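Consider the two complexes below, in which subunit A is the common component and subunit B and subunit C are the respective partners.
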Partner chain A sequence: PQTLRCITHDFNIMTCSWDAFSSTNLGQSYEFCYENSGLLVCNKNKEKSADIPIVHGSTTIKITTLNASGTPLATTTFILPEKNVSFIPLTPQILSLTPDFSTEMLYLKWKDGGSAFPFDLDATWQIEVLRKETLERVAQVTYHSKLTSKDTILSWNWKSDMPLECVSHSVRIRCYINKMNYGGNKEWSEWSPIVTVPGEVPDLSFAKVFPQDRVVPVGSNMTFCCLHREDERIEHIKYGLKSYPLLHLSEWSSAIQVQNVSASESSGTNIWCSLLPYGVEGTVLFVGYPPDIPQNLTCETHTLDKIICTWNPGRPTELFASRQTNYILSERISGRNGTCRVTENTMGNVCVFTVLATQNIYNFTLQAFNPVGQTESSLSIDINQRVHPKTPSKFTVTGESPTKAHVSWYLPGNFIQIKLLCQIEISKSHSEPELDNVTVYGTVNSCYEAQLDMLHPNTAYTFRVRCSAADHFWKWSNWSEKKQWTTWEA
Partner chain B sequence: DPTANAIAQAYSLARLLQADATDLLQAYLSAQGPPFSTPGFAVPALGWAGVPGAALPFPSWRGLGDGERLRGNQVAYTAYEAFLAVVADDQAQLHPGRPQLLARLAQARVRVRGLRASLDTVMAALGVVPGTGPPPVAVVTANQASAFERKCRGYVVCREYQAWLGRTVRDLTLLRAKYLA
Partner chain C sequence: MASAERPPVILRSLDLCSRAIRLARKIRSDVVSLLDSYVERQGLDKNISLDGVDSMPTAAVEHWSELTEAERLGNNLKAYRIFQTLLAEVLEDQRTHLTPTDTNFHESIQSVMLQVSALASQLEELLMLLEHSVPAREEVEGTADSTSRSMFEKKLRGLKVLQELAQWSVRSVKDLHHVTKHSHSSSTVHVSHQ
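Right after this comes the complex of A and B.
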């Protein structure tokens, strides 16, 4: 016996193998003896390998070749220092490789085999992603973890730069464990068995060009592939109007790469795969912007029962229909949400929140989100300081005397908790309009009135009224309609 | 003569719809982006299951009887009424910001209904028993199609609808010659 080689997977047991040459190998066996805790241990084996406990320092191993009848033929004694025993972790096993075709992500899970070691160890993993039947490496990643004397399931995910349907993707992993105080050689484990996620197969595939109906931000780099049957060939693949060089992926799949895509028109950018002898397949890419931070967020109330929030959506996203920006208005104190209505021209966006009887302060957050991003704005208000009454209606004028008139109007709203400042404009020809300010308490029936005096007798006047909150002015209502009135003769 | 009047009215309506159909196809293609919107776009090989094709070899077309001819029209426009609705839904989903196209599609549906009624009148005048065509396939697969397939479907519907109106005008021209002479 010669060239003894010993490796260990767990620093506990080493597996030794050797060479032995003789004219006939028929019926040969081997006896191997070693010392373990002062005792001489001997075993017999058919193969030229043996499992031997590792001891600190060096191990003396005597190996004897025996013929079929057990007669010793040759004996060799090996002195094996610990440093000659290579430590190679066990070959890792992949538990699962799960694709998410919609996000082009691969999700890998594997067991770290920590239970093989009764102590913590730093482990380094190498993960390779291979593409196509030819297993071309497209990614190699190093991943670090800590083995903690029990088996832990590790996970890692990877985003492909190409739709997973286009071609098969495979993954393999290997491990390196760096036990600092181990004197022997430390090596990478074997690669795990490969696990493969097959790409789409043309005949069974419902769609032929991938990705289908994707929504991406402006500036993205995209790969589109076209799958065709064996009796077909790709004439060209166009992105919009432009043809791109074909990248061969497999016998039935070719791709194009488009860099830095710009915003698409409303119906999306067409990717057109023209097939020979004849046939057309395609997909549509929707390219747009994430929503802008909602600007000039304003929340006010017209009637103190509903809060109306409006905002400027900012930069158009170039995304429409089901891809357009949606909004959620949430209020942090009450934890409630408003209801929002989004319109195509986006300037008509509005959210409505019901006023709560017991709450004056409202902390609003307006979230904007579309398929390529989200953002938000916040606003805190005291609702009593954001009263913007509606236009006064049913404005009427009645006479009381040659110099007095009585005006009344209707102002919808639940204003009983506040005072209103109303302004009556008094105009007559050939003179500047005068403004008469009156403060009124909010009423239950929304009807209000005021008296105008020191008018000129037998004079044609025009009156109109508008209102606002008295204590915390926010906005005037619109003016009511005008009313003409001629005072009585003196 | 009621038969002659019915045929004449159907013929005028078909001519009107034929002009509309040409504009509809152009409006549709220009809204889909290139290559659909490029001048002269045409992919004759592109079809869609269930969309009635108008193409018929001349001898076969010429040999059709009045009843067969009219029933063929009736079945086709029953399908087109449904398909035009599917295309309108598709376009509303793709880009609602194109009211003119949606309006044209809605108008086409209304006018197809009018043409069918007019054809029914002709069939009644000629004593032709209405046919029962296969239910339109479109509605069943309406929302499973991808955006690209919806664009292609709309193209095929508008293209074949235009072709069918051409055939209907030719059909009614034959009937005019026969019954209005």
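Right after this comes the complex of A and C.
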């Protein structure tokens, strides 16, 4: 026996193998002996390998070749220092490789094999992504983890720059464990068995272009592939009206790459795959902007039972229909959401939140999101300081005396908690309008009234009224309709 | 010589035919201009091959001259009923997916839809007037799975609907002229028998 080579996978047991040359190998076996805790341990083995416990320092191993009848033929004694025992982690096994075709992501899961070691260890993983049947490497990544004496499932994901349907994608991993105080040589494990996610195989009936109906931000770099039947060939692939050089992927798949795409029309940009002998397949790409931060977010109430929030959506996203920006209004204190209505031209966006009886302060967050991004705006208000009453209605004038008039009007809303400041405009010809301010206690959906005096007898007046919150003015309501009135004669 | 008095039914059918012819011509011109704006808005190429787009009434027909009056009018009616459904689908695709803010464009599609519906009614009336059986309404193939179609397929399908409709409107004018001539000749025979 000669050239003894020993490796270990767990710093505990080493697997030794050796060479043995003799004229006849028939029926040969091997006896190997080693010392373990002061005792001599001997075993026999048909193969030229043996599992032996690792001991600190060095191990003496005596190996004897026996013929078929057990007669010793040759003996060699090896003194094996620990540093000659290479540590190679066990070959890792991939648990799962899951594709998400809609996001072009690959999700990898594997077990770290930490239970093989009774102590913590730093592990380094190398992950390779391979493409096509020819297993061309498209990505190699190093991933670090800590082994903690129990098996842990690790996960990693990868975003492909090409639709996963276009061609097969495979992954393999290997591991390196750096035990600082181990004197022996430390090597990478073997590569794991390869796990493959097959690309789409063209349906016998028709070709396909991928990705299908994707929505991406302006400036993206895109890869489009065309899968065709074996009896077809690709004449060209166009992005919009421009043809691009073909990249061969497989016998039934070719691709083009388009850099820095610009905003598309409302109906998207077409990608055509023109086939020979005839036929065209295609897809549509929608290219737009993420939503802008909602600007001038304003929340107010008309009737103190609903809060109306409006905002300026900012830069157009160039995305429409199901791709347009949607909004969610959430209120942090109550944890409730408002209901939002979004319109295509986005200027009519509004959210409505029901006023809570026990709450005056509202911390609003308006989230804006579309398929290529999201953003938000926040606003904190005291609802009593954001009263913008509706237009007063049923404005009536009645006479009381040649110099007095009685006016009343209706104001919808639940204003019990506040006082209202109402302003009555008194105008008569050939003179500037006068403003008469009156403060009234708010009530619920009811009429309010005021008395005007020091009017001129037998004079034609025009009156109108508007209201606002008396304390913490926010906005005037619109003016009511005008009312003409002529005071009585003196 | 006494002037030949045509029977009221013949007069009525001749009137209906001429109105239907005018409407088919109007549909034709509207669809041609709609095709231009459709191609532009969808970023398509007018000459794109649409062979892969099926389940649509095709105007081309063999042995056109041998068709009976009932077959002629019946085929037209079935086609325009299908086009009503197909156009509604095209309009929905444009509103919901492709050109949601282009209301003028939607109105031009809707206008063609209304004319197609009017033409179908006239054809139905003509069939009854000429005492032919009116074909039963059929489920239009291909509309059931419209939601599963890709955007590109929706675009191509809309283009094909408009192209086929344009061709059908031409065929309808020919068919109706044929029916008119037939009505003329049968009314002349009628007069000569008196």
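Please note the rule applied: the second predicted complex is superposed on the first by the 483 of 490 C-alpha atoms of A that agree within 3 Å, B and C clash if a C-alpha of one lies under 4 Å from a C-alpha of the other, contacts with A are read in each partner's own complex, and residues count from 1 in each chain.
Note that a contact is a pair of C-beta atoms (placed from the backbone, for glycine too) under 8 Å apart; a residue touches a chain by one contact, two chains touch by 3 or more.
These numbers come from a predicted model, not from an experiment.
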Report for A:P99: first if it touches subunit B alone, second if subunit C alone, otherwise both or neither. neither
Is A:P316 contacted by the first partner subunit B, the second partner subunit C, both or neither? neither
In the overlaid three-chain picture, which partner chain does A:G373 touch, first (subunit B) or second (subunit C), both, or neither? neither
Scan A:P412 for contacts with subunit B and subunit C and give back first, second, both or neither. neither
A:P217 contacts which: subunit B (first), subunit C (second), both, neither? neither
Counting only touches as set out at the top, which of subunit B and subunit C does A:Y278 meet: first, second, both, neither? both
Based on the A-chain superposition described above, do subunit B and subunit C contact any of the same residues on subunit A, and if so which? 209, 212-213, 240-241, 265-272, 278-284, 320-322, 344
Within their complex, subunit A touches subunit C through residues 206, 209, 212-213, 240-241, 265-272, 278-284, 320-322, 324, 344-345
What residues on subunit C touch subunit A, complex-wise? 41-45, 48-49, 51-52, 94, 96-102, 150-152, 155-156
Interface residues, subunit A side, partner subunit B - complex: 207, 209, 212-213, 238, 240-241, 264-272, 278-284, 286, 320-322, 344
Touching residues on subunit B, where the partner in the complex is subunit A: 31-36, 38, 43, 45-46, 91-98, 146-149, 151-152
